[in-house]
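In what follows, subunit A forms one complex with subunit B and a second complex with subunit C.
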Partner chain A sequence: MPTTIIKRPPPHGGVLVNRVERNAYRAQRMAAGAPRLELRPTLDRRTGLPIRNVYREIVSIAYGFFSPLDGFMTRNEVERVLAERRLLSEWVFPFPIIFDVSEEDLQRLGVREGDRILLTLRGRPLAVLDIEEIWRFDPIDIATRTFGTPEKNPEVVRVPFDHKHPGYNIYASMTGIALAGKVTIINEPRFREPYDRFWYPPEASRREFERRGWRTVIAHQTRNVPHLGHEMLMKSAAFAGDIEPCHGILVNAIIGAKRLGDFTDEAILEGHEAINLYGYISPKRHMVNFTLWDMRYGNPLESLLHGIVRQNLGCTHHMFGRDHAAVGDYYDPYATQILWSRGIPSYGLNEPPHETDYGLRIRPVNMGEFWYCPKCGEIAYSANCAHEKERQRFSGSFIRGLIIEGIEPPPIIFRPEVYQIIVKWWRAFGYPYVNSRYLKTKEEQGEFELGPMEVPGA
Partner chain B sequence: MSGRTYKIGVVLDARRYERVRGTPLEQRAVPIFGGALKMVEIEVSEETARRLLQEFPRSRIDARGFIEELPVAFKRRLFELMVELGKADEGAVRAVLERHLGEVKEQAAKEEEYIPPP
Partner chain C sequence: MPTTIIKRPPPHGGVLVNRVERNAYRAQRMAAGAPRLELRPTLDRRTGLPIRNVYREIVSIAYGFFSPLDGFMTRNEVERVLAERRLLSEWVFPFPIIFDVSEEDLQRLGVREGDRILLTLRGRPLAVLDIEEIWRFDPIDIATRTFGTPEKNPEVVRVPFDHKHPGYNIYASMTGIALAGKVTIINEPRFREPYDRFWYPPEASRREFERRGWRTVIAHQTRNVPHLGHEMLMKSAAFAGDIEPCHGILVNAIIGAKRLGDFTDEAILEGHEAINLYGYISPKRHMVNFTLWDMRYGNPLESLLHGIVRQNLGCTHHMFGRDHAAVGDYYDPYATQILWSRGIPSYGLNEPPHETDYGLRIRPVNMGEFWYCPKCGEIAYSANCAHEKERQRFSGSFIRGLIIEGIEPPPIIFRPEVYQIIVKWWRAFGYPYVNSRYLKTKEEQGEFELGPMEVPGA
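Entry: the complex of A and B
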């Protein structure tokens, strides 16, 4: 008998990937004798600034955020993803996930397919990679085919991608030599403050939902400190559910290399937390966690990854707004909603990702915009408010401009407690947003520490 | 960009509003967000918008068609010129670019490293 009750979906692919070896003895044995490779950031070839560090992908793969992906992709897998946005196992997946190494490192390692390498971060063991394939690629070709072109993807791509696009820049800055294979973490990350209290990888997130009695949970994607437009989006989208509104709202922040001028990761996490700490959305209904990922800003493609991650975290719904995970005007502002309402055939997705075989089970909640309407006297929803002349649209850039000029945004658009979080981290970093110094500091420190680990013969 | 116009918003806090009170600029100040702030909107041509984006690579055009994330030094100098010229138009924007670009860029470079917290 059909039911309207929605249950927590299974992980994407059916089973959560868990490639974390917690037994110290077994972990040591796994790494023993393996040649070491220190993980280094991918640098912007023009500015020299770090734009990605593959350790974030290693952590997200090993803890199951990207399930069913359990390692770095082979050439065939990348080709399948680029052609149809599916893994070789058929499951929908949006991006090539590539572990690239320099020619010098490859020569020094002297490894072949079938070998194992020990991956270290800041000199300490993090993971091992079992090499299934060593393959070469043209970074520009991969970058172009990952995001598409206006000619090949006319449904959503408006402007050719270039190095100003951070995601394109990540792929275009890769070395062109890939090591494919499964990764296993052998030395668990110990997250620093404030990250530690937001660390809920998929298994823990699902347990936490269970503990809280949340059957339905709607995910909110963020790379921003929240303004009232975000807050109203969360509150309104959460009315979706089944026979009652969603029990929980999960804010899942993407933590990783950011663009200059973005809010810092610390302010993003604590800014969202302030929404529940100060009761604007009850902490009984709202929680914040994060995923490590250097965002590709791929709008519809990024939304697909977000759907995968949040389904793996245990969410039943995902809200998508205008310009989802977008930058510049490369994409149609509603490209994500086009994907989730009718599919994007030119990307190989002939149906919406939640209505296709081997697709997602999380449900999209496609939302319009929120703006301040003086005539309505409230933050109004675009489908409700017809006062086109009076409306005042929210703009994150506008709010960032106010803040940096030393003007506290008025409470009607920004919670004072959230502003105080920004000021707190402004004092810590000497700057309210991401700048080159923040990026370098972040690269040196990362989000976590690794304990010392003896590895015989490595 | 194709022959369209863009906007720059100069926000007036209490201190700035006091300086334009009684001048023609006061008439240009429109309340925003329920009167919590006032803002003077300056319309600029595509050519000027393009020049700004080129001179200040971190700036961007937002979904409302406003040029945002211009350096604080630029916004401050623009406000001073608006007061000096008694008008808020593209001429004031171009005056910043023609007369103060070097100084604004120098300050903007420092701004990218450190801005004192409030």
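Entry: the complex of A and C
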């Protein structure tokens, strides 16, 4: 008899990557003599504004969020990913993960394959990179092949990608010179408030689930302060599980590059936390953590990365709604659910990612929409509520309008305590949403600090 | 790779029992010459009031609701059921299903094993019974062993069963003389309004699911007009499923013996129907049907019968809440969930019924409680809402009090359209709940009529 009991899945690829050297002496030895490279943001080709910070990828790789990926990809690995969305080891993986350097930096470093370099952030050592390959690429070509085209990917792509798409723009703005190889963190990030209390990389997250007695955990993707539609999505999808609803709900916020008008990362994390602190979803059942990553907005591809990250964090289920990790009209609104219900052959995924060999073990929970229905008197689910005339969709621009005017949205939109979090960070930053000042501060400070570390030079 | 896609399960035991002879000539031939026995209610030993009508069991057996059971049990079969809750064919089954006759009737019939008798209801032919065995039993012994005792069944039984327990009382009030054998309906019931439009026996129910494109269907047990707690239980549990929420929600009402103060069967069926007619759960996703059965209130045992019936109806999932099919404090409030999460060895069920050989294929969805929380502003789920001070449990007696006083309960208790159904049947019966007059009418009329049918005598 097959059992209906679902167990915590192994990490993607079988073993959690852990490339963090915590022993100070060994860390110092590892970096000794390596040429230094200061990590700088990728700048938008057109505007010159920062759109990606590779340090986030370094941290996510080294702490195992992207297991089994343990470094930056070689040309062959990228080609394999683009052809079949698999690593050379066969394990499913959606995106090229590329460490690009400028021609200038490459010349200055004077390194060759087999060399090690020391990566610094704001002047302080963060990690070392062992160069396996130095290779060149056409950024536009990689960008186009990463996301696809309506012709080549007719199952899901509706409109050609262009520089207005932030993910496309990240790849298109790369330098075209890549250093491939494993990375090792040698100086652990010290997350600042409020990030510090939400820092549960995979090993810690799995330990925490164990401690809480959560056998089944459903992941919720967020880059928003939660309104009641989000809350109801979480609560509803969590009724998936096995013989009983999921024991835990994990909100895993993606923390990284922001767009003007986004909610601030601080408000996102604390806004979700308020849901449990104020008992709307008991803190016994709900927790918040985050992953550092500059979102590629790849809808189905992004959902695949989300699946990998949350499986590594120890989740058994992942909820996917409409327009998952989407921006604009590039993708079919249900592209992610197409992936997780029948696969997307044109991306090389002939089956759903959790039903293919070397695929994921996390299970999709593909959800419809939630709207407010005054006739139902509740946040209603699209498959249930048949009141076509009465239903009122959550409108981001309407909510934005209320907030900017200083009007507290009604409790059917935001829990009062969640709104107070928006107000708290509004006071701190002078504006309720991401603006250019916030972007500048964020760029200067990041999410963490690095302690001083002496590294003997060459 | 195992697939996460759940398919409609086969009937329990593999094949749907269908013992309904629709060909009038053959039906007449089958009954010709058989001695007649008028089906009468089982009367409470103490009060003389009717507490069970075996015709309901005949109909449920013949239409396959209880598949693979195809007749009334022999002594050996009953002993096997009491020892291990399995039929002689190994398939799991919870209750002795016994056709008992009075000494007087037995003498008058003058039948022996191998004979056939014609069973009539209100004087008209309904079915034939082919007598395989005539056996005697001690009703109190069967009643006690059916439900168990706190000593023998410590996992779930809290208080000794007695005549105040309606299920115990049914067995304890039997005559002690049993006719075992297969039954065949020879004159199809013609259900009266409103039962007729809810009559979907297993074959028809499965066909209807197919027509609606429902791959996954979750069953809801009811003997109530649905208040919002029931509605929210249905909507929430239905988020179980496989890669997406259940396609359909089946409300399967148990129609049979009533207790004073119950809602009337008519109001129960139409009250649930109102939920979909008025769009609270789209009629595309929600349907109502019924099973004839005089509830035994066997909590975990009853849930097992419910699982069998709803699997036969084509459901993939069954929701189980607190106090499932319970009355009084005889059982642990979560006895049903104990059964479906780890089994009840003292009943002979060492594993959950869906994880044992010859067990069920329907999957349990074990649910907590729902209450109204003014702080959440919604019908909240026990694992989510942490507002201990604010929560307000649904109180049956409070609701009853409101209704009897003629006060329309607030919309947070009953949907207005559901309340209107209560009012409709209140007008028809002169009282909103089952009273002795309703019981009398119900006893006289039943749920269906039988057409006239000539059967040649012996």
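In this section, the second predicted complex is superposed on the first by the 455 of 458 C-alpha atoms of A that agree within 3 Å, B and C clash if a C-alpha of one lies under 4 Å from a C-alpha of the other, contacts with A are read in each partner's own complex, and residues count from 1 in each chain.
Keep in mind that, in the parts below, a contact is a pair of C-beta atoms (placed from the backbone, for glycine too) under 8 Å apart; a residue touches a chain by one contact, two chains touch by 3 or more.
Nothing here was measured: the structure is a model prediction, and the numbers come from that model.
Enquirer: Mind working out whether A:363 is in touch with subunit B, subunit C, both or neither, as first, second, both or neither?
Expert: A:363: touches subunit C, not subunit B.
Enquirer: Which of the two partners, first being subunit B and second being subunit C, lies in contact with A:143: first, second, both, or neither?
Expert: It touches nothing on subunit B or subunit C.
Enquirer: When both complexes are superposed, which of subunit B and subunit C contacts more residues belonging to subunit A?
Expert: Of subunit B and subunit C, C contacts more residues of subunit A.
Enquirer: Can A:423 be said to touch subunit B (first), subunit C (second), both, or neither?
Expert: The first partner, subunit B, only.
Enquirer: Applying the document's definition of touch, where does A:437 land relative to subunit B and subunit C: first, second, both, or neither?
Expert: Touch status of A:437: first partner only.
Enquirer: Between subunit B (first) and subunit C (second), which does A:253 come into contact with in this model arrangement: first, second, both, or neither?
Expert: The answer is neither, since A:253 touches no partner chain.
Enquirer: Between subunit B (first) and subunit C (second), which, if any, makes contact with A:240: first, second, both or neither?
Expert: Touch partner of A:240: subunit C, not subunit B.
Enquirer: Looking at A:274 after the superposition, I want to know if it touches subunit B, subunit C, both of them or none. Which is it: first, second, both, neither?
Expert: After superposing on A, A:274 lies clear of both subunit B and subunit C.
Enquirer: Once the complexes are superposed, what residues of subunit A are shared between the subunit B interface and the subunit C interface?
Expert: After superposing on chain A, subunit A residues 377, 411-412 contact both subunit B and subunit C.
Enquirer: Sort out for me which residues of subunit B touch subunit A in the complex.
Expert: Interface residues on the subunit B side: 9, 11, 13, 31-34, 36-37, 58, 60, 62-64, 66, 68-70, 72, 75-76, 112-115, 117-118.
Enquirer: Quick check on the complex: what are the subunit C residues that touch subunit A?
Expert: Contact set of subunit C toward subunit A: 1-4, 235-241, 243-245, 279-285, 337, 340-341, 351-352, 354-357, 359, 363-368, 375-379, 381, 383-387, 411-412.
Enquirer: Quick one: in the complex, what on subunit A touches subunit B?
Expert: Touching subunit B: residues 260-261, 322-323, 328, 333, 372, 374, 377, 392-393, 395-398, 400-402, 404-408, 410-413, 423, 426-427, 430-432, 435-437 of subunit A.
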